[in-house]
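I'd like to ask some things about the structure below.
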Amino acid sequence: MLSEFGYILLFIITAIVFTAVILFVAKLLRPNRPNVEKLTTYESGEEPDGNANVRFNIRFYVIALLFVLFDLELVFLFPWATVFGNETLNNSTDGLWGWFAIVEMFIFVGILILGLAYAWIKGHLDWVRPEVQEPQFKSPVPISKYEAINKKYS
Amino acid sequence: MQFWYFLTALTLISALMVVLSKNPIHSVLYLVFTFFCISGHYVLLNAQFLMAVNIIVYAGAIMVLFLFVIMMLDLRRNSPDSKTNLTKLAGAVVGGTVLVIFIAATRKINLGTGADNAFYNSQTGMVENLGQILYRNYLLPFELVSILFFVAMVGAVMLGKREAGERNF
Amino acid sequence: MFVALLICLSLVLANVVIGVYTERKVSAFMQDRLGPMVVGKYGSLQLIADLVKLLLKEDIVPKLADKWLFLAAPCMIFVAIFAGFAVIPLGPGEYLQGSQAQIGVFYLLAIVSIDIIGVLMAGWSSNNKYSLLGAMRSVAQIVSYEIPLGLSVLCVVMVSQTLNLQEISTQQGIFSGHDNYLFGLKSLGIDVTQVGGFLTWNIFRVPFFLGVFIIFFIASLAECNRAPFDLPEAESELVGGFHTEYSGMRWALIFLSEYGMMLLVSVLGVILFLGGWNSPFPNIGSVKLANWTSGEPGSWSGAIWGFVWLLAKAYMLIFVQMWVRWTFPRLRVDQLMYLTWKVLTPFSILAVFLSAIWRMLMI
């Protein structure tokens, strides 16, 4: 019989086989009549302007880095989460094991929170905000009302 | 055993493809596949937690970072000056030196005659055992890791320092 | 088990049929329209028509695209999400859980995170500005919301002390091997193990899990790229996001994985917070509602009751997801990042601290 991870592998293989089968069926059924217009990159009906080599803001990179760090934190928290409240261990130490492990973890997470707070203060958790355009038109509604709404939802 | 050979061959081939493929994005994807194969090896060793960590941290998180950086570097525009003879030579020297160091380091290792059954415990790699050892015996290194994370986070924040008035995607 | 594998595969396929039809009907109901009405009675055959259309559509690969990556990306997304179903217990007993690996929910978090690599592949290989922008936004969003998601899962793991989803489900009902007290507090001394029903669900065992569940639900909406977090595929600005260039069956695969992801996070939410496959009715004195609606453990009746309860709860959550979609407008990018880093993450860390203390009160 397969081991538990054998079944996981079986799930992955099934998914691959399934996609292969339905794509094969579709290949048998569908037409294939390419032309130049069809094969150009879609750009809202315009001729595509150059490659899609857009430079991205460094902010994406910072977010990804923060994610990696918090992900690692999670990786360290999971083994802790499965042992700190173990009933037999806690009963044999009169709860000392659990409370000790909790204090350990509070220190660990606390230091990480400091890091998050630092990034927060430095403004790295804010994305660019849209610039509110001043309306240039005449309206029976006084401009201060619009400003109040903009202020409320900005 | 047959499966082990198959998996190892797959790992080595995909690792080679990381080096050999011309497009850096393809390299990264081969690297993801290599990590999957390595996770398979962890499963064969019954190190279940390490297997999931390998996928979540390396294949999931760090590869996304790699892809972000590669996309940010704008590699579709081939820069011709990146493959001069000097860089090739420098690459060969660095790679060769590392190879020599590896050979020197592993030459004298005695692999022994296999695992000693008296000390073998198939449950060592389970999460619970890992947790109990980590939070009892290795307390100080564990707390130091969090300081390492803190430094890394501050570093990331410093790297991503914004210029005034910048508007970008 | 093989049974679970077949059920999962047919469930993912059936889910897209049921999901799309209900989504269209629910949105029509909420906007006071009729929805699909032409094909079949009440438009019930609309999905068959759509499927035939997708099968007959040409599979266009743009000339400037990176061909192999472009072709492989939808398969990668689907495989990542389908592999996540491997550890989900669809009912009591070992036959309805694909793999009983002890690593359980942690493996699930790991394998589902591979999905973002597929999204990046699709976006980058299309060589289209909309696709690339959509993929970058999508990935930034998914990775940001993975932190609160992981932390809220962690809260449940802390209280149940296991990573195996089957054990987490079993703990929340009358078949539990441990004693369950009201609100999890041993000092209250009210044993509800034999009462079961909703009183033993995690959301009642630990009262503040209601908040954790809301964090989980918001984060799972963002993970599925569903409204109000549908910035990556915002039709009005990015056309289709990362799948702008896809057509035909490959597009259908992306769609299939999107609905599969909806089902996966809903089922996960049900297992973690809402009692999994346990019956919601408690035993009241001699009126044994929980026993009557749970069947015999380890027999056919138990498996069927469990499966039905799990799916009923999961589809309730999917309905709420649709309801949210037609109620809230789309978030702005800065609001999105504000929500995850400055609201959800701090609160979920606080919840982790609280659940640590609560667990110590439970034993």
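Note that the chains are named A, B and C in the order they appear, and that numbering of residues resets to 1 at the start of each chain.
Convention: a contact is a pair of C-beta atoms (placed from the backbone, for glycine too) under 8 Å apart; a residue touches a chain by one contact, two chains touch by 3 or more.
Quantities reported herein were computed from a predicted structural model and do not represent experimental measurements.
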item: Pair exhibiting more inter-chain C-beta contacts, A-B or A-C; value: A-C
item: Of all other chains, the one whose Cα centre sits farthest from subunit C; value: B
item: Subunit B-subunit C separation of Cα centroids, rounded to whole Å; value: 30
item: Distance between chain centroids, defined by C-alpha means - subunit A, subunit B (Å); value: 21
item: Length of the line joining the C-alpha centres of subunit A and subunit C, rounded to whole Å; value: 15
item: Shared interface positions of subunit C, touching two or more other chains; value: 101, 106-107, 132-133, 136, 139, 143, 163
item: Multi-chain contact sites of subunit B, meaning residues that touch two or more partners; value: 48-49, 53, 56, 60-61, 64, 68, 71, 127, 169
item: Residues of subunit A touching at least two other chains; value: 5, 51-52, 54, 56, 60, 64, 66-67, 71, 74, 78, 81-84, 86, 109, 116, 128
item: Touching residues on subunit C, where the partner in the complex is subunit A; value: 1-2, 5, 8-9, 54-65, 74-75, 78-79, 82-83, 85-87, 98-101, 106-107, 126-133, 136, 139-140, 143-144, 146-147, 150-151, 154, 157-159, 161-163, 239, 244-245, 248-250, 252-253, 332-334, 336-338, 341-342, 345-346, 349, 352-353, 356-357, 359-360, 362-363
item: Residues on subunit B engaged by subunit C in the complex (per definition of touch); value: 23, 25-26, 29, 32, 48-49, 51-53, 55-56, 59-61, 63-64, 67-68, 71, 126-127, 169
item: In the complex, subunit B residues that touch subunit A; value: 43, 48-49, 53, 56-57, 60-62, 64-65, 68-69, 71-72, 74, 76-77, 127-128, 130-132, 134-135, 139, 142-143, 145-147, 149-150, 152-154, 156-157, 159-160, 162, 166-169
item: Contact set on subunit A toward subunit C in their complex; value: 4-5, 7-8, 10-12, 14-16, 18-20, 22-23, 25-27, 29-34, 38-44, 48, 51-52, 54, 56, 60, 63-64, 66-67, 70-71, 74, 77-78, 81-87, 90-91, 95, 98-99, 102, 105-106, 109, 113, 116, 120, 125-130
item: Complex contact set, residues of subunit A against subunit B; value: 5, 51-62, 64-69, 71-76, 78-84, 86, 89, 101, 104, 107-109, 111-112, 114-116, 118-119, 122-124, 128
